[in-house]
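So, here come the structures, one by one.
In what comes next, chain A is part of two complexes: it sits with chain B in the first one and with chain C in the second one.
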Partner chain A sequence: MISLKNVSYRYTGSKRNSIADFSMELSSGKIVGLLGANGAGKSTLLYLISGLLRPTAGDVNVNGYNPWDRNPAFLSQIFLVPEEIDIPSISLESFVKAYSPFYPNFSEESLKEALFHFNLSPDIHLGSLSMGQKKKAFLAFALACHTPVLLMDEPTNGLDIPGKSEFRKAVVKTMNDERTIIISTHQVRDLDQLLDHVTIMDNNGIQLDESIAALQEKFTFGLAPVLPETGVIWSEPIMGGYAYMKMRTPDQQETEVNLEALFNYIYTRKPINAFQA
Partner chain B sequence: MEKIESNKAFSMERFSALLKSELSVNRGNYIKLAIAAIGVFAALAFLISFNAGMSIHGLKETAELTGRDMSKTIMDRQTSYGTMYLAISAWIFVIGLSVLGSLTFSNFSSKKKRISSIMIPASQIEKFTLRLFTYFVCGTLLLLLGIFFGLGICQIAFGAWSPSIDAIIDFFNMDYSGYIIVSIILAVLLSDSIYALGSSLWPKLSWIKTWVVMMVIQWAGAFFLMILAAIHINWESLFVFLDNFNKDNVWILLLIVVAILASLNIACWCLAWRRFRNTQIIQRFMTK
Partner chain C sequence: MIQTDNRPIYVRLADQICDRILLDEYRKLERIPSVREYAVSQQVNPATAARAFEILERQGVIFNKRGLGFFVTEDAVDIIRKLRLETLLGEESELFFSRLAVLEVSPEQLRDMYAQYLSSKK
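For the complex of A and B:
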């Protein structure tokens, strides 16, 4: 369980809070997509959850630990994949030997499987890899640690197209009911069909916090050459027609959630009356 | 692979895993550092040996001295070049300690490094002790090894130094030699401690920044003392006071010096620990 209560954080020298009076609760067993515009505080939130920053106000609690204490037991239960990774120029084998003893749930089998997904050999030297390959190797290690909390900041940045698809498969493979995975990203299309919960935030707090199932129940998303006449709450012209989002009526079939449409709808229509309906 | 599950503030098992991971990940850097440290002393030893060799060879060529005078003069030159090596080595040693001190918290020199360092599942005290152990303890030993390695080269090349046991015994029999030795050691270690504190405050370009700050503090302090002396100090009474410190009371002064130096060393490491403990990934000079 991850819980943030009235958390604020202000970077030294900044005139405004990066996160102000922010509250959120996340139970385990979810893959959460954390979405927000640039500067909305997504990375700051991940850093607060992982104990890399100390909140200026409020409480953060992760599985009963205060992250700022940086307790080793807490650190062995959480893994952060930052946007830019610091990976040493050593063999993957040495890297795994050096860091895996700190993670009690680390599984070599999972690592091999994830590496296979990413088309990487277990006997690679990290110094000879491209940036994207380094990220894949790091992601494979992160997934293989099986920490109850896995935080990823823009994990698909730098991954090639097959890599993004393999990333989704690898995440799903290592997911279980005891695990919480939070993925912060701008590349919403990379997370298609991966998330089961979406949180959209800005500096003032959470703008949307819903499960994918609930979103599918409330909205339909589609592409059409001509906009439907009724119920459209958001639309955008695209090549050959429109992408749209509308309120779902009980007789309509559920559709996949178009995260980009949802995000744009939330950011252009505040407050979110649709959810209060 | 063995797993570490202990949740103690300091676990030897976790510390040794941390040490192993540090050596495995930064092996290349440590090897380079060791080669550089020993290489500097070796280079100095070769340079001095070359000059000493030329000088002694020149002496033999002139053949103006008789046998006994010749051997005495050669011995004088050997001692003189040996002393030169030790004097320059001592200076390099102090500079080396300050450089090692400024590298102590190099694992915090960028946001990426801070993230990977803080997120390792070990306690803060274990991570801090690791830095203290590698850069302060092992670094000091490495530099001492470098000095002796260079001395060995000098000894082989021109018989630099014949330690006189009597001189060593005399030194240890000297009054207050214990205080003097401890003071010297503490003063030398202070250069490491100050630069380690500087490294915790400014992990990037730490040596230069700390050096500038130290210069400013020293000049400001000297200026302040000069003004104080010009205004307030009654020199005559100060001399009288110092005169009254007869031989039996000198130890009090030396004890004060030792206490000040020890306190400064401890204070530097305590402040460095405080800074280390409170490091956030967004590093600002006065971040609380």
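For the complex of A and C:
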């Protein structure tokens, strides 16, 4: 369980809060997509959850721990994959030897399997890898740690095309009911099929926090040469017609959630909440 | 091009399993992959795959043997054919028929076309 209560954070020297009066609760067993425009505070949120930043106000609680206490028992339960990775120029073997003892659930087998699927050999030297390969090696290690909480900031950036698909498989393989995975991303098409839950935020807080199942019940999404006559709440011209989002009526079939449409709807709508309306 | 298949992933997964049963890839009374194996191979959330299996179980296409996994039912093929025919003649035929009507195609013409199609497939 991850819970934030009225959390604000302001970077030193900044005139405004990066996160303001932010509250959310996440139960375990979920893969959560964290979406927000550039500068919306997504990375800041991940740093607050992992104890890298201390909230200016409010409380953060992760599985009973206050992350800022940086209790070793807490740190062994959480892994953060930052957007830009800085790993030492040593062999992967030395890296694993140095870092895996911190993570009691670390599995050598999961690591080998992930490396194999990422097309990396276990005897690589981290200093000789390309940016994308470094990311793959780090992701493989992160997934193999089997921490109850795994936070990933733009994990698919820099991955090649087969790498993205292997990444999705590896996430599903290491997922279980005790685990919470939060993935912050702009690459919604890389990840949408993995998500249970979507959180859309801006600097003023959470703008949407819903399960995919609830979104499928509430809205339908489609592409059509001509817009439907009723119920359309968002649309955008595309080649050959329109992409649209509309309120679903109970007799209508559910559709797949179009996260890009949902995101644009949330960011362009007037300040009313469709879930309260 | 407008891609019209906006059905949820769980519906498409269920459909895909039905295809495999019709193609005899999964045979009656044989075990199909587990929810987790299926989720991994299709790179989808395990809960989404579980939803697809639930639909198929409700429709009587697969059944659960406790501790052993999911198996194709004895009548799976008949059930799938019946359900697919219902969808085809129901919602899916709507657009086709409305276009035929606009083009004033007579029922006889349509019958001949279908007969011709069948003989060309032989």
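Assorted remarks:
The working rule: the second predicted complex is superposed on the first by the 273 of 277 C-alpha atoms of A that agree within 3 Å, B and C clash if a C-alpha of one lies under 4 Å from a C-alpha of the other, contacts with A are read in each partner's own complex, and residues count from 1 in each chain.
Simple rule for what comes next: a contact is a pair of C-beta atoms (placed from the backbone, for glycine too) under 8 Å apart; a residue touches a chain by one contact, two chains touch by 3 or more.
On a predicted model such as this, the values are computed, not experimentally measured, just so you know.
Clash-free side-by-side placement of chain B and chain C is the outcome of superposition onto chain A.
By the touch criterion stated above, A:Phe221 is placed in contact with chain C alone, chain B being left untouched.
Annotation for chain A, partner touching more residues between chain B and chain C: B. In the superposition on chain A, A:Leu53 makes contact with chain B only, not with chain C.
Of the two partner chains, chain C is the only one touched by A:Met175; chain B is not.
By the touch criterion stated above, A:Tyr103 is placed in contact with chain B alone, chain C being left untouched. The superposed model places chain B and chain C at 150 degrees from each other around the C-alpha centre of chain A, with the value given to the nearest 10. For the three-chain overlay built from the shared chain A, the minimum Cα spacing from chain B to chain C equals 27 Å. The intersection of chain A residues touching chain B with those touching chain C, taken from the two complexes, is empty.
Here chain A touches chain B in the complex through residues 11-13, 47, 50-54, 70-73, 75-76, 78-80, 82, 84-86, 88-90, 94-95, 97-104, 106, 108, going by the rule given at the top. Touching chain A in their complex are the following residues of chain B: 1-7, 11, 14, 17, 20-21, 24-28, 110-116, 118-124, 126, 278, 280-282, 284, 286-287.
Note for the complex: chain C touches chain A at residues 1-4, 6-9, 11, 36, 39-41, 43-48. Those residues of chain A that touch chain C in the shared complex are 31, 165, 168-169, 172-173, 175, 193-196, 212, 216, 220-225, 238-241, 253-258.
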